[in-house]
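Just so it is clear, A, B, C, D, E, F, G and H label the chains in written order, and each chain counts residues from 1 on its own.
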């Protein structure tokens, strides 16, 4: 696997930064080269928030991402701000519960994941939406192994919350698998795949 | 007149620094090139204290003195410390009331001035001993004019003390003139001239 | 004319106006705003006494009271 | 044995011991020291009660009292 | 649509929408309370200088529509003193965080109070360094949890009002964000006082302090302020034990004495009458 | 010839004969008073660290025969805190000038008092910056003449003892150089106090302050101290007017509370017992 | 009980790796004041250091912090602070004091964009001269610039060792990117630790500032050990006595300067590749070095003879390394820096006109992109 | 009433001359903290400034002092502080703040021997890099080095004018010898005074950090004038809004840098003689320049082709002047400095190997003697 650049975005409080760390940790467990960076400061507290992960089989020198192979957007504001940074042929994953409108962008595969809905409805905790999203991401992209991701989640979440987070991961994973199959089968509007 | 280097020394409280300033100011009034420097800091408060004046008809570049053409010593400690810095053929002027012992030093003309005595006895103010000494210095060396020196004294001493200081200057001047004549006439022990 | 405006674009759903309104005029909207939160909404305008406590406290400058107290 | 030593090399003639000696044991010397000042001198040793006030106050560490108070 | 009255005095091109403070934070409330005081005193906007340092509180000035002086962390009072000396016509209001005024800026605080410079210092005491992520500050209570006292805080806090009073401030008061009216009144008094005024405002930082100490969000913190505030007059009759965890509110000092800038300007006049030797 | 008992503890190769302080200065007196306290407490010289900053007072440590820490102007308390943390066995005595402790070092003073660090701070208050030639300091009285207030000083002075007390010092006392025995007793108490002790000593700087204010030489200044000192107990019964120009002497604070270094060391123990996620 | 050395593999941001490096190196005390982007160092140490039996102090400001660090160091401890350039400003007086008193201490500067308060959350390499020259008069320091969290760990350990060996303030000059990026960090079971040289003679024979013939660094007893240490910021003789004498000043200052400057070659750490046949050498330090590596690898792929050199030791400046490159007379040396061009001045000084030196400054916030550097290489070859 | 400009002939020490220069230049406020050897500036100003209708403040420390100076300057006054290198340490943060806010202010550094507290009463030229690089990140300053009390007067006036023109902190870099020596000072009846550029447009149209095409310096309204000035230490846009954007950072920092660096030639002040046929050029600044003049005059007397150059402008460094000398390829450039060799690094950088550059460092306390320099000249020719 050559260099893959993932950008996770959303609003403050959604656990976007933690998602990036978990993804990076998983990649590390997979013995891949990985670098994680994120937005900082007061700007990171309120509005748009972002975490970036570069994963590669080779040593990573330049640590930042310029164009994303994969953009995850968990808020409308974040999507609007970052959609332009997706590479041609890249993938966009949105939280279909928090994002309603997808701006025009060609040659991008769009996946919709109802992570917030799943988190609040199936798991009773909206706070784990980010982990649901990670499960989906893992399933949709295969950039990290499931074993590694589970290990990373366990290591990274607050003590006592391991179980619910693992369940969230699994829910996201299954949800995306299903939708993937469905999506592959179903018809695609304007190059998008349905995520719900 | 080419470069003449004068070093005035004594202990703190004798007004050594002021003497240097007055001498320099007088030289300035004489339209000579002049630079005055002095010792600073805590060392300058207690023990030995020094003020240096370079006077020249030409522009003075290097502002410090290495060897003194003229050394004025108003305390034993100061004399002991600085006697080695007199140039060969230079002049030493001591306050004969505060200096009792003159260390060996060849090829130096020694002048004794009872400045402290004159100040306290004739003028009733030991504090003006430094000005008495300046009067003597002026008389013994002729490096500044009397008019200039008087002007300098007036400008430099605390307001209200101009008169006594001018008298002190005059006393020193006269005292040295007398001793000078006497000295020239009298016999000299080991190249010294009597100042009293 | 009495009116309370909530600027949904600015409101952060902190709940301060809702809590401290002495007449319980305000409540949380059930609709998530673009900020991803549930903003304040006017539920019971009639009860409002135009005391402006909501306006004075609002940290987002997102609520505004129209109309003046009679006295 | 009672004795007061004044180290002329150190004494600055500040007069503190002279002023504050309760028994007026000390006075200024009439002889200028090498420092150009008039140092303290012992004038009336008998009167000394060995209270050591002079020693305790002396800023130049130039006076020393020998002997111990009886009581 | 009618907009919030604060926005009349607001710079909109600054970061945030409309500002960068967190949801439920007390700082924008104090921002508006300050505006109310300025409005009620009918001050000329062009003669009101807002001064701030670095921190969440420090950013307050950057939204003020008039002249502002966004200075260094902890040092607003020094800069403000200079500005006041140069132009005594200016009404100068300094908003400072507890961290900057009691930590890095401790010396500026005590010196400015001692000199009695005609400034109004509003300290937003949220018990921690908000901007940098919630580390303890010199006003953090013993035992509290912050980003750098995760084992429980072991230091004693300052009483800022007592400190200001000891150093010579001519007007000293403390309120929380809950006590709107008395606080606005104090700001007005502070502005009108010809001398150094110190107004401490206990304020909620829900995102850091509220969360880490399980007090809750901004709204819950304000309820806490409401319940824990005790008027100075009442507090005087209570025991130390009873006062534990309470906020003593009220006016502590209100006196008159010679002001620094005025005294210095008098020296010019004095000197003009004399003549001296150089 | 018997020599002065101070000289047993004295480094002779340092500048001056034996030291560089002016004739009649109060600093060497306080130097000896400190020695007396150390002697009377029978402290091990090798465990007593003298700390000083920059100034005439700052030089005190450089003559002490044991370990000394001649630090930066105004910052002795910070350095001393570090040393105490690393080696709590040390008895640490900091001698500081009024200028450094109340001017440039004001923040160190209030923070160290607040934290309650087990140090003994002896402030030599000679009402001016002695070393640099007698400029006014934050303790110079209004109206006084100094090198930089030749037109009469216009600022208000700090009351250092009040300041220390407000900030949390556990022992606070004030004496002048004249009150030898009570002062030595206070130094001993300060050393023994497990906490921050602040001892203000009003001291004569004849060469600068005494001369410029026409009080006279060291001896005359001590007479002035003698005549102007009022015991705290007596002062409490006197009016503001009566107390003008007086030095209120005595002990102001003597309390116990948790000490900073000890509290920090307890966190190690606490932590040793827990185990945490990294 | 919690582990002292956190051996194993971790995903750490640079700031965290620095913390673990400090603990592995035996740091006993940390005192610091929060500041972006170094705050995470304080935060982690505020509990980790107690685990390791050390003490964490949050100073009232940066000045307070460094006084506490130096105080602890003089009493025998290993101590550290961390800040950003704004905090370095306030530490300058203490840095000079540490230099003249020869007190070991480690100062971590995670650089952010300035000047002034600047763009606090963004990266820059603006403080490279500040840490070298910001205090008054003449002294020496050591400064190391990591490129990754792993180096943050390794160089923090190294910084403690060098600081104790040479008795100089030693800096970690990281930029925000290095401080904040997360990457794999491998912590070994044990690290090499250097202890301060202690006095070999008994107290009565001890001269505190006398150096043995083979070194310019005197031994350093701690307070309370019975050596009656005279520590002072004044110019001092071998016995520690204050002096204003020229010979004393000259001897002391020369020693303070030379004990590091004369060891520049020994202290030099670099990483390099493809220098042998390089027509263009791209020199950089810190995170920019990573962009350079990407660019040079690309250039080599394209058949362009580019080489790269990453300076790890910034101070004392490795004159010799640049000298060696300049001697080979490449077409050019390219020097991308996240500032207006600072260390490039040193390179120009040493290159002495033997090769063109091209500065590629970016004044903060944005890291050089590999493509930008690559284009520059292509432009030269 | 007392005179504002003390026209006439005086015997002044450098510090006093500086005071009179400041007053002549229109200084309205001074805030400073006593420190040897700059204390005399405070002392004289503490009454002289009131004579001139200005205000003297003694800060609680150096930091406090510079905040007051900058505050007054932003409210429209001309303001100054004076200190020595130790005080500069504490001012570094404010220097950076003055730089990014483009606030005119004059900072006098009368240098003393260090590092640390050093030998406070003795001379040195140790702070030359400190004043240029001591604050975080990138900015520019102007620094002028006088050689005499007369120049202390002249250059203080000049410093105010430059500071107001370029809106940068401007330093007088005097050494203790210049500060304390007394010499004749001629004060004219009137001096040329430059006033700050004020806004030409009405407040509604005013963009606080917009520069006109021909200059990099925006106009500067004072607080209270109705222009609603947004003064901030954060990276800012033309409207003064805080920003962390790269383009904004780049534009701002480049402007702060270039507004001075690009004017280096215009800002260059030197004194020189005998350069035309010089086989050896001795370069120096400050009081060392005086020793050099003595030495070069002596050399010429002895028939040795020596020339001398005294740098008056130290920052921005006058590259061009050194360039011109290096082009002539003299045998050597000799650079005596009262430090371990600092500005000589700039000379080496510019000389670029075209001529040998010989550093003659003396690390403080003692001024170079003419004979020492003469001997070095003789050794080369």
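The rule is simple: contacts are C-beta pairs under 8 Å (C-beta built on N, C-alpha and C of every residue); 3 or more make two chains touch, one makes a residue touch a chain.
Not measured: the values here are computed from a predicted model.
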Taking each chain's centre as the mean of its CA atoms, the one lying farthest from the centre of subunit D is chain A
Name the chain whose C-alpha centroid is most distant from the C-alpha centroid of subunit F.
-> A
Between B-H and D-F, flag the pair that has more C-beta pairs in contact.
-> D-F
Distance from subunit G to subunit B - Cα centre to Cα centre, in angstrom | 55
Distance from the CA centroid of subunit C to that of subunit D, rounded to the nearest Å?
-> 85
Per the centroid of Cα atoms for each chain, what is the distance between subunit A and subunit E, given in Å?
-> 43
Between subunit C and subunit H, what's the gap in Å when you average each chain's C-alpha atoms?
-> 58
Among all residues of subunit H, those touching at least two other chains are 36, 47, 50, 56, 60-61, 86, 93, 97, 116-117, 120-121, 232-234, 243-244
Identify all positions of subunit D at which a residue touches two or more other chains, and write them in rising order.
-> none
Touching two or more other chains - residues of subunit B = 41, 43
Give every residue of subunit F touching subunit E within the complex, in rising order.
-> 103-104, 106-107, 110-111, 114-116, 138, 151, 154-159, 162-163, 166-168, 257-258, 260, 263-264, 266-267, 270-271
Complex contacts: residues of subunit D adjacent to subunit B | 32, 34-36
The residues of subunit B that touch subunit D in their complex are 11, 14, 75-77, 98
Subunit H-facing residues of subunit F, complex = 54, 72-74, 103-104, 106, 129, 132-133, 135-136, 138, 147-151
Complex contact set, residues of subunit G against subunit E | 33-36, 39, 42-43, 46-47, 50, 56, 58, 60-62, 86, 116-117
